[in-house]
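I have a structure I would like to understand better, so I am pasting it below and will then ask my questions one at a time.
Labels run A, B, C, D, E and F following the written order; every chain starts at residue 1.
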Amino acid sequence: MSDKLKEYREYRQKMNDKILAADNKVIKRIFNLDTNTYMEGALDSKTKEMLGLVSSMVLRCDDCVRYHVEQCHQLGVRKDELFEIFSVANVVGGTIVIPHMRRAVEFWEELEAEESND
Amino acid sequence: MSDKLKEYREYRQKMNDKILAADNKVIKRIFNLDTNTYMEGALDSKTKEMLGLVSSMVLRCDDCVRYHVEQCHQLGVRKDELFEIFSVANVVGGTIVIPHMRRAVEFWEELEAEESND
Amino acid sequence: MSDKLKEYREYRQKMNDKILAADNKVIKRIFNLDTNTYMEGALDSKTKEMLGLVSSMVLRCDDCVRYHVEQCHQLGVRKDELFEIFSVANVVGGTIVIPHMRRAVEFWEELEAEESND
Amino acid sequence: MSDKLKEYREYRQKMNDKILAADNKVIKRIFNLDTNTYMEGALDSKTKEMLGLVSSMVLRCDDCVRYHVEQCHQLGVRKDELFEIFSVANVVGGTIVIPHMRRAVEFWEELEAEESND
Amino acid sequence: MSDKLKEYREYRQKMNDKILAADNKVIKRIFNLDTNTYMEGALDSKTKEMLGLVSSMVLRCDDCVRYHVEQCHQLGVRKDELFEIFSVANVVGGTIVIPHMRRAVEFWEELEAEESND
Amino acid sequence: MSDKLKEYREYRQKMNDKILAADNKVIKRIFNLDTNTYMEGALDSKTKEMLGLVSSMVLRCDDCVRYHVEQCHQLGVRKDELFEIFSVANVVGGTIVIPHMRRAVEFWEELEAEESND
């Protein structure tokens, strides 16, 4: 696992734990809802994660992009599919999406490297 | 065809014609690119239109939502699938997406009514 | 009740009913969560509705602004307080918030007129 | 003057008057600042109004777009220049800008018609 | 004072000084207006800072969030109140607000640590 | 060349190369279109780059701001002109633009230092 991947995952986990420990009911339910949203339903999880990814890209949230890129990777999204998701994000959201695509591609490569190291 | 559907389509067509007649090369290429983005590729058109729809919803562009709702409808997206797309949009984008969902549901019903009148 | 107020409330109710009838669990929970968010807690409801209003203004969602303006009105927010909420929204969010403030002021006046007609 | 132009201008003026009458110092200073921003300086007013227009388009504020389209029109921006401003807005901001361009082109035509009626 | 807190404050001060030294009248007045917006008025400063914080969160501006978290901390906002502000931001603005909440919680903890070191 | 400037340029180039190597036609055309948008036309390149800069600022994309600040610098935009672009961005987009202005000013200074070192 690359240092960047490790740091991203640990920080995310540590802060989520602190947030949930604050015991605000609305926030806890949002976290719970967030998980349920991407479960198998009328649409399969892979499609839903792609929907989550493209939404995160046009809204330009790097951490959200990373989260959904990782889920997509685990659910078998291929690189050519990934770039078609990016193409929709860039066309709908404009060139301001490009810097987020750069960082998403970098993150994807780290996931690929991690996988080949297993 | 409902009056609202008719008005939406005619205005869209009329203004697109005027915009293209202005003969700005960059804008003409964007229009062209917009069409190409949703063509069959590594991902099928139905998936891509769903990606376009969820992006339009989180970015809260009613006209874009209408356009992609119509494409989804034509490509066989079912109502339960539609609402799962909406669920991702609402979770990622928050309750500010709800008013756009209201108008999208109204538009979907007009498309359904048009279809049953054929 | 002015025609505008009536139309706004009826459309909102009608479409919410249709959305909830679609029986998507995630969306139903978002609607439920939305209600709970503004209940009395560490902060009182009035403060929370003011937070909801300013958020809706900077995110420039007219329907959300209307909803929270009405809640604020019911919870006793005064006109000079309302304009201080608007002032924060305009400073943080810029002059693109002004058109939404215009419509919010118009809506506020309709609520005031309705009240004095009771 | 077209009915749409008349309605837009009268509503804008009427609501601005009400807002200023509320006598909130911060809001009054924002209105004043808004006017000063586009005055001749290191950059001329025409350039500044073009900057205001492109900003309003990518932020997708129809009323702001209308305001700056009118200022640009008065300061002699030509139609081919207008479409180059639009091209930047569409490339940077993506296809979600297109519906706002449609309405901006319609508004521009009303300004042109008004001028030729003088 | 933690290194992060120190770095954030020094960078902010250094760059603000450079910006004000450029002597652009509009920008100087915005900085001045920004300060005045949160002063005691019809609403007290604490409420206004909470409005500023929730606005910054839904607009997802980390530096603005930090600024208002610090003001809220100084004005006596408690941790349970802080999380209720966050809950409004997350519900209105969606899960894309979560990464900003993570960083806001981290910053809050640094302020708490600084205070207990005094 | 400062380390920051070097790192920004190298990362940008490296990731753009990877993105283009993925050979997604839509994305390649967006990159191509992005270049064409700012070429001389009815408006000169300097004006167009200023339009690109102000758009990037109100949309709060630091990498895009850096790109256009550099183009503006090369095309002879002066510091007082730069701050007038910033003033429009701050007025239209609000105080959430300020942190991006801080980083833009820092980047401008690095470009100035690089130039005086040539």
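Following the convention adopted for this analysis, contacts are C-beta pairs under 8 Å (C-beta built on N, C-alpha and C of every residue); 3 or more make two chains touch, one makes a residue touch a chain.
Note that the coordinates shown come from a computational prediction; the quantities given were computed from them, not determined experimentally.
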item	value
Shortest chain-hopping distance from subunit B out to subunit F	1
Path length in steps (a step moves to a chain that is touched) from subunit D to subunit F	1
Copies subunit E and subunit A - interface residue numbers shared by over half, same or different	different
Angle, in degrees to the nearest 5, of the Cα rotation that carries subunit B onto subunit D	120
Centroid spacing, where centroids are CA-atom means, of subunit C and subunit D in whole angstrom	27
Inter-chain centre distance, subunit C versus subunit E - centres from mean C-alpha coordinates, in Å	24
Distance from subunit C to subunit A - Cα centre to Cα centre, in angstrom	32
In subunit E, residues with contacts to at least two other chains	26, 30, 33-34, 37, 56, 58-59, 64, 80, 83-84, 87, 90-93, 95-96
Contact graph of the chains (line, ring, star, complete, other)	complete
Subunit E - residues contacting subunit D, complex	25-26, 29-30, 33, 36-37
Residue numbers on subunit A that touch subunit F, as the complex places them	60, 79-80, 83-84, 86-87, 90-91, 95-96, 98-99, 101-103, 105-106, 109
Subunit A residues within the subunit D interface of the complex	58, 90-97
Complex contact set, residues of subunit E against subunit F	11-12, 15-16, 18-19, 22, 24, 26-27, 30-31, 34, 56, 59, 61-64
Residues of subunit C defined as touching subunit E within the complex	33-34, 37-38, 41-43, 47-48, 50-52, 54-56, 58-59, 64, 78, 80-81, 83-85, 87-89, 91-93
